[in-house]
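Each of the two complexes below includes chain A, the first together with chain B, the second together with chain C.
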Partner chain A sequence: MRLTIERGALLNALGHVTNVVERRTTVPILSNVLIEARDGVATFAATDLDIEVIDGANADVEQVGSLTVPAHTLYDIVRKLPEGSQVKLELANDSGRISITSGRSKYYLPVLPASDFPSLGVGDFDKTFEIELPALSRLIDKTKFAISTEETRYYLNGIYFHGATGDSGPCLRAVATDGHRLAQSDYPMPEGANDMAGIIIPRKTILELRRLLESEEEVVEIATSESKIRFSLGRATLTSKVIDGTFPDYERVIPKENPHVMTVDNSEFARAVDRVATMAVERLRPIKLALSHDNLTLTFSNPEAGEAREEVEVQYDAPEIEIGFNAKYLLDIAGQVSNQALFYFRDSASPTLVKDATDPNSLYVLMPLRV
Partner chain B sequence: MPNLCRDCINIFEGQNRNEGPNKHEYYAEQCPNCHSRRVVSHNELNNLYIAHIDCDAYYAALHKRENPELKNVPVIIGGGKRGVVSTACYIARSYGVKSAMPTFMARKLCPNAVFIKPDMKLYSENARKIRSIFEEITPSVEAVSIDEAYLDLSGTQKLHGLNPAQLLAKIANRIEDEIGITISIGLSENKFLAKTASDMDKPRGFYIISKAEVPKLLWNREIGFLHGVGKATAARFNKLGYKLIGDIAKANKFKFISQFGEHGEWLYNIANGNDNRKVESEHNTKSISTETTFVEDVKDYEYIRTALKNLCEKLARTARIKKLVGKTINIKLKTHDFKTITRQISTAPTQTAKTIFKFADEMLKKEMARSPFRLIGIGLSELLDENSQNNYDLFMEVDKNLELERAIDKISDKFGRDIFKRF
Partner chain C sequence: MGSIRQLSQQVINQIAAGEVIERPASALKELIENSLDAGAQSVNIWCDEGGLARILIEDDGSGITKDELPIAILRHATSKLKDDGNTADLTNINTLGFRGEALPSIGAVARMKIQSRHYLSSEAWEINIEGGQVSPIKPCAWAGLNSGTRIEVRDLFFATPARLKFMKSVRSENIAIIDVVKRLALSRPEIGFSLYLDGKISFRTKNHDETEPAARIRDIIGADLADDCLVIDVEREGVRLYGLASLPTASRSDSRFQFLFVNNRPVKDPMLKGVARAAYQDVLAKDRHPILALFLELEPKLVDVNVHPAKTEVRFRDPALIRGLIIGALRHAIGEVSVRASTSLASQTIGALGKSLQQTDAPKFYQGNYNYTPAPKPVQTGFYEGMPREFTPQQAPAPMARAFEEPQTEEVQPQSSPQNFPLGAAKAQLHNTYVVAQTDEGIVIVDQHAAHERLVLERMKAAMNETGIPRQLSLIPDVVEMDAVDCDNLLAKADELAQFGLVIEGFGDGAILVRETPAILGKINAKELLKDLADEIAGFDNAMRLKERIDEILSRMACHGSVRAGRQLGPVEMNALLREMEVTPRSGQCNHGRPTFVKLSLNDIEKLFGRK
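Presenting the complex of A and B:
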C-alpha cells in the first residue's frame, strides 16, 4: 500500500473514527485503525466490537492495499504535523511496518494484517430511511442529557428511538430517562420509517454519532435491524449494536393533566437557579420552589453552608405550592429551553411537566425531591 | 521521665530505676498518690495521641463474665462452622491453644477446657457499648474488627482536661467496671506503631512506643513480626536476604521499592516506623465491604453463591446501621493461585441485601470460569447519606425490600439474628 493524502483530510477522517478505539484493550488489533486504499480514496475504520465507524478521504493512491496501524499513535502524529502538509503512508516491504512521511518528518509504526480486523457492518438491515441531519442532531441534543448511567438499569443507558403519534400526527420520537427526569422530542415521521421497531441506542454510540454529525452533509441515511443500527452520511458510516432490553412504558409517567401552570423567562430562571445552586455543596441537594401569585421564590438552606433566596417574576395564577428539585436537573432542563419555559405542576410529590413555549415537539418531566 | 498511674490517672515525674530491655520496666515506679505499681513510664507519654485498643481474648472474656464459674478454667470458643478455634482464653493459651487451630487439636492440647459455640449477639452488643465509650472521648474511632479499634486523640486534651494517655487509662478502667472485660492499649504516633505497641504488653496492658525506639524495639526481630507479613511473604524475603526488620529498614529505599512495588514501599515505611494512614472514623467512610476466605478452594457455584448471599446480608445491614447507600457494587474474588479479580457495577443507590446480591450474583456467574476461588468479598462504594436519596423515581422502582429488611433488622436487634431463615 502506498498513498499520499493532505494532512487536514487525513486528520478529519481519523478524528471521526479514532475515538471509538478503547485506550486499553485485551485484543491488540482493536487498538488499530484499518486503512484501505483504492480508487483514489483512503478508507479508515475503527471498532470496539460494539460500534464501528468508517470514514474516507480523497487520496493519491499509488498502490492499492489494506493494513491496520495503532490508531491513537497515528492520530497523534498526524495531529502534530504542520497544517497543509502532504502525508505519505507507505508499507515498507517485508518489515511489517508502515512509514509516515511528511516533509522532513519520518515515522514508522508496526502493522497488523487487515484480514484479522473484525467487521460489524455486515449483516441484514430490514429498514432504511433518510432524515435531515439537523433534525437528527436536534432529537439527540434535546434528550441525551437525561440518559441514565446506572449499569443495573442498562435499558435506560441510551436514547429510545421509535415511531409514535405526536400532537401533529405520526412522528419519530426520541426519549431518554434516568428515572428522575425524562426528555422527549418528536420529529415528523420520515418517509419509510413508519413501522420501525423501537430501538435503544447506547450512550457511547450517541456521543460518537454526534461527532460525525458535525458535518457539511444534509441527509443521514439510517438502516435498522433488531440488533443493529447504521448511520450513513457522505463517506462516513457508523454501525452500532443496540441495547438488548425493553424500554419502560414511559408514556404513563408523563403527566397529562397538571393544572397549575407557571410561565417564566427561561434565562432569568436559569441564572437564578445557578446562583442558588452555588450554595449546594453537592448539587444533589434540593432547591425549594415556592409559588405564589406571579411570584417564584427559590430557596436553598443547609445548616453548614448557609442560605440562599432568589425571587423571580413569573406568570402564575393558581394555588400556592412548594416543591423541591435537584438543582442540576433544573439546570439541565433550563439548558434545553430557548425563551419561555412552561412548568405544569400538580403537587409537591408528583412529576412536573416542563415545556418550551416555542417548541411544541419537545417535553421534559422532572421528579421532585422530598423536602 | 513522665509517669502515669493507671489506677488513679495521676501523672508524676520520677526516675526510672530499672532502665533496660525488660518490657515491665515501668513496674519500677510507684504512684506517690495511691501507691499503685501499675505505672507506665515513657519519655513521650505526654505527646503521643494515636492509640490502638485490643480487647483481651474478647469472646472468652465475655463468656467468663456471663458465667463466673468459668473464670478460672480454660475456655475455648469455636467449633462453629469451620471447626477451628476462634478465641482461646489466656488459661487455654498457656496449654498452647491458639486461634485458628482446628478444634480437635485444641481438645488434645487442653482436654479439660470448656468449649463454647460463638454467640455473635453477645459479642456485637458489647462491642457497641465499648464503641460508645470510645466515642465519648473522641469522634475519631476506627473499628478494625469487633474487638479492635484505632483512636485518634489529637486535640482532645483541652476538651477533657486530661492528656491522651490519661484518657486511655481512664477508659480502660471504665471498660473493666462497666463491661467486665480487660483491654490492652498501644499508644504511639501512628497506626502501625500503636498496633505494634498494643501487642507488646498483653493482657491488660498499656504500652507506648515512640519512633525513636523503632531501631531498638523492631530491627532485631524477624520480619514475620510485622503486621501483614505472613509465612509465605517472610519466606520470600528471607530467601532474598531480608531476615530481620532492620534489613528492610536499612535497605536502599528506591531499589527496594522498585524490586517489591507498592507492598515493598509499605514494608519499607513500617520497618522504619512510618505510617501515614489516617484513623478513618465512620463519618468519612468511602466504602464498606466484607469478605470470607473458604476453608479450601471452592469450585461449586451454589456453595459460593450461598457464601455471597450471607456476605450481602451482612454488608447491607452494615450499610443500614451506618445510614449509607452505595451507588457501586463491587465483588472481589481470589483465585486458587492468588490472583485477585474485582468487578463492579453502578446502580441506583442501595442498601438492601436483595438488590446487592442480585447484581453481585450476576457478576459472580460471569467469573465462575476462573474458579476455584479461595476468597469472595462484596463491597459498596460511592457512598451517600441515606437521607440525601430523596428523589422520587418516575417508574416507582423503589426497593420494596428495604422496608422488609429494615423490619428484619429491628426484630433481630431484639431477638437475635438466628430467628430468621434466609430469603
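Presenting the complex of A and C:
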C-alpha cells in the first residue's frame, strides 16, 4: 500500500473514527485502525466490537492495499504535523511496518494484517429512511442529558427512538430517562420510517454519532434491524449494536394535567438557580422553589454553609406551593430551553412537567426532591 | 429394630449429660454456678489434664444437709425452683441454675465425690456416684470451721467413651476452662476465685467490695481496658445497663472480648456483636471490634433463661428495647469523650520512640535535633497573647517580626491559661503535618489532617441531622427482585431506612419498589444496596449499611474540605484546631478509628530519658 493524502483530510477522517478505539485492550488489533486504499480513496475503519465507524478521504493512491496500525498513535502524529502538509503512508516491503512521511518528519509504526480486523458484519437492515441532519442532531441534543449511567437498569443507558403519535400527528420520537427525570423530543415522521420498531441506542453510540454529525452533509440515512442500527452520511458510516431490552412505559409517568403553571424567563431562572446552587455542597444540591402570585423564590439553607435566597419575577396565578429539586437537574433542563420556560406543577411529591414556550415538540419531566 | 421400650434412668441421665456436659468446661460451669447459688464468697478450683482427669471445686457456701445429699444427685432435683406440685414459676428465675440436671448428669458420666457441711450442722457428709451408681452416704472429715461443699469429679466421660473420643487437646480444654471461670468471675466481683491448672495457679482474683466491675475487669481482661474505657451506667424502663466499653482507639481484631451478663448470668448473645458494630460504626474500621463488658439488670420476668440446656442463651421479652438501650448508651458514651486518647497509645508511642532511640547512633541523632531547632522561643510569646502572627518553626521569623519581638523574647514565661485546656497550647508544627502542644501534665501530638477531617465530618453530620436527609423521588421507581425472606426483612425495617432517605415498598411477592433514595448518594445501584442491607439485617438485625454509605460520601467530602498534611498552620489556626477538638464529640479518632492525637505525660517522657 502506498498513498499520499492532505493532512487536514486525513485528520478529519481519523478524528471521526479514532475515538471509538479503546486505548487499552486485551486484543491488540482492537487498538488499531484499518486503512484501505483503493480508487483514489483512503477508507478508515475502527471498532470496539459494539460500534464500528468508517470514514473516507480522497487520496493519491499509488498502490492499492489494506493494513491496520495503532489508531491513537497515528492520530496523535497526524495532529501534530503542520497544517497543509502532505502525508505519505507507505508499507515498507516485508518489514511489517508502515512509514509515515511528511516534509522532514518520518515515523514507522507496526502493522497488523487487515484480514484479522473484526467486522460488525453487513447484516440485513430491514428498514431504511432518511432524516435531515439538523433534525437528528436536535433529537439527540434535547434528550441525551437524561440518559442513565447506572448499569443495573441497562435499558435506560441510551436514547429510545421509536414511532409515536405527537400533538401534530405521527412522529419520530426520542426519549431518555434516568429514573429521576425524563426528556422527550419529537420530529415529524420521516418518509419510510412509519412502522419502525422501537430501538434503544446506547450512550456511547450517541456520543460518537454526535461527533459525526458535525458535518456539512444535509441528510443522514438510517438503516435499522432488530439488533443493529446504521447511520450513513456522505462517506462516513456508523454501525452500532442496540440495547437489547424493553424501554419502560414512559408515557405513563408524563403528567397530563398538572394544574399550576409558571412561566419564567429561562435565562434569568437558570442564572438564579446557578447562584443559589453555589452554596450547596457538591452532589447534595437540594434547592427549594416557593411560588406565590407572580413570584418565584429560590432558597437553599444549610446550618453549616449558610443560606441563599433569590427572587425571580414569573407569571403565576395559582395557589402557593413549595417544592424541592436537585439544582443540577434544573440546570440541565434550563440548558435545553431557549427563551421562556413553562413549568406545570401539581404538588411537592408529584412529577413536574417543563416545556419550552417556543418548542412544542419537546418536553421534560422532573421528579422533586423531598427536603 | 427392636420394640419400643422405656429407657433406663441411667441412660436417660447419660443422654441429658450429653446436652449439659459437653466438655469439662461445661461441667465446671455447672458446678461453679451451684457454688454461686449457694452464696459462696470464695471458690477455689483445681483442674488436671484439661479437667478430664480431675476437677475439684471447693466453696464456702451454705452446704448441703445430710438428708438432702442423696436427693441432690437425683435428676430434676433442685432447691432453686418452687414447685407446688403442678407448675413451677419458670418466669421468675433468680438463680443461675434451676433445671436440676447438673449433678446427676455429671454423676452419670464420671466418678464424682460430693462432700459438704451444712451451715447449721457440725458434721460433714460424703456421697459417691460412679457412672450413675450411687454409694450410700457416709460421714467424712472436714477441715476448717466453715460450711461449704467440695466436689471432686474424676475421669469425666469414662462412662461414655464415645464422648471421650471427641475431646480436644488438653490445651484447648484448658482454654475453655479459663474462659468459663473468667466469665463467671467477671459477673461476680464480690466473690474471690482461684483456678489451678495441673497444680499451677492460672489466675486468682480478690474479693472486691464494690460491685463496680472496673476492678474485676482489671484483674481479668487486663489493665488496658480498665484504663482505656468508657464507664456506662444507664437505666431505662426498669432495665439497668452498666459496665465498661473500650475507647475506639483501643479496639481488638476479634470480638472475643465482648462479654454480656444478664442478671449476672454470663450469656453468649449473637446480638452483642451487631450491637457493638452499630454503636461503633463511624469511629471504628469494619474489621475492628471494641472490648465490652456489659451487665444488664432487669426483672427476671422480662427475660427467659430456659432456652438452652447449658443456659448460655437468653431471650428478652423486648429485644428492641435492650438493643436500643445498649446502642444508645454506647454511642452517648463515645460521643462524650472527645479529648481522651487511650493510654495504651501513649505506651505504644513511648515504645516506638525508645526503639528508634536505640537504633539511631547518638551523634546523628543530636545533629538531627540541632538542625531542627530554629528557635521557637519568640513564638511562644506570640502564641499566648493569641496574636495572629505568621510564624512556623521551620522558618526563621521575618526580620520585621524579629525586630518587633526582640524586646520581649528570651525569657519563656510559664504561661498557664491555654495549658489548662485538655489539649494544651500549641507550641509548634512539625513537618507541616503534626501539631505539638503543651499541657499541664505533658505534651500532645496531633495529626492535623486526621483531626480536622473528623471535625469537618462531625459538623456536616450535625448539619444533616438538623435538616434531615433530602430524598430524591423516583419518576420510574426501580423494582428490585429478591427472595421473599429478604423482602420481609427489608420491609420490616422500612421506617428505619426512611429516616436515612430510602423509601421502599413491597411489590408483590419477592420484589421491592424503590420510591425515594437519599439524594446525597446520587444515582445508586439499588439492587446492590438492598442486597447488602438484607444480608446485614439477616446477620445482625440492623441496617447500618445505608448510614455507612451516607457517611462514606460525607467523609469523602470532609476529606476534601479539611486541612491537608503538608500545609503550614499558624499559631492561631493550631490553637483553634485544638479548642475545637475539645468540644467536638468523637474527635479522638479519625473515621477509621485511628487516633487523631497522642498524649504523652511528663512521666512518660521522663521514663524515656531514664529519669524515672
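FYI, the second predicted complex is superposed on the first by the 369 of 371 C-alpha atoms of A that agree within 3 Å, B and C clash if a C-alpha of one lies under 4 Å from a C-alpha of the other, contacts with A are read in each partner's own complex, and residues count from 1 in each chain.
The rule is short, and it goes like this: a residue touches a chain if its C-beta (ideal position, glycine included) is under 8 Å from a C-beta of that chain, and two chains touch if they have at least 3 such contacts.
Every value quoted in this text rests on a predicted model; they were computed, and no experiment measured them.
Have a look at chain B and chain C on chain A after the superposition and call it: clash or fit.
clash
Can A:P70 be said to touch chain B (first), chain C (second), both, or neither?
neither
Once the shared chain is lined up, is A:G56 touching chain B (first), chain C (second), both, or neither of them?
neither
Is A:P368 contacted by the first partner chain B, the second partner chain C, both or neither?
A:P368 sits against chain B and chain C alike.
In the overlay, answer first, second, both or neither for which of chain B and chain C A:N302 touches.
The answer is second: A:N302 touches chain C but not chain B.
Looking at the overlay, what does A:P202 touch: chain B (first), chain C (second), both, or neither?
Touch status of A:P202: no partner.
Going by the touch definition up top, name the partner, chain B or chain C, that contacts more of chain A.
Of chain B and chain C, C contacts more residues of chain A.
What is the contact status of A:T152 with respect to chain B (first) and chain C (second): first, second, both, or neither?
both
Which of the stretches 26-34, 206-214, 332-340 or 368-376 of chain B runs into chain C once the two complexes are superposed on chain A?
In the superposition, chain C collides with chain B along 206-214.
Identify the overlap between the chain B-contacting and the chain C-contacting residues of chain A.
In the superposed arrangement, which is not itself an observed complex, chain A uses residues 149-153, 177, 179-182, 248, 250, 253, 282, 284-286, 326, 349, 351, 365, 367-371 for both chain B and chain C.
Chain A touches which residues of chain B in the complex?
For this pair, the touching residues of chain B are 345-348, 359, 384, 388, 390-395, 397.
Under the definition above, what is the set of chain A residues touching chain B in their complex?
Residues in contact with chain B: 149-153, 177, 179-182, 248, 250, 253, 282, 284-286, 326, 349, 351, 365, 367-371.
Enumerate the contact residues on chain A facing chain C in the complex.
Residue list for chain A touching chain C: 148-153, 156, 177-182, 248, 250, 253, 281-286, 301-305, 324, 326, 349, 351, 365-371.
Per the contact definition, I'd like the list of chain C residues that touch chain A in the complex.
Touch list, chain C to chain A: 459-460, 462-463, 466-468, 470-478, 516, 519-520, 522-528, 553, 557.
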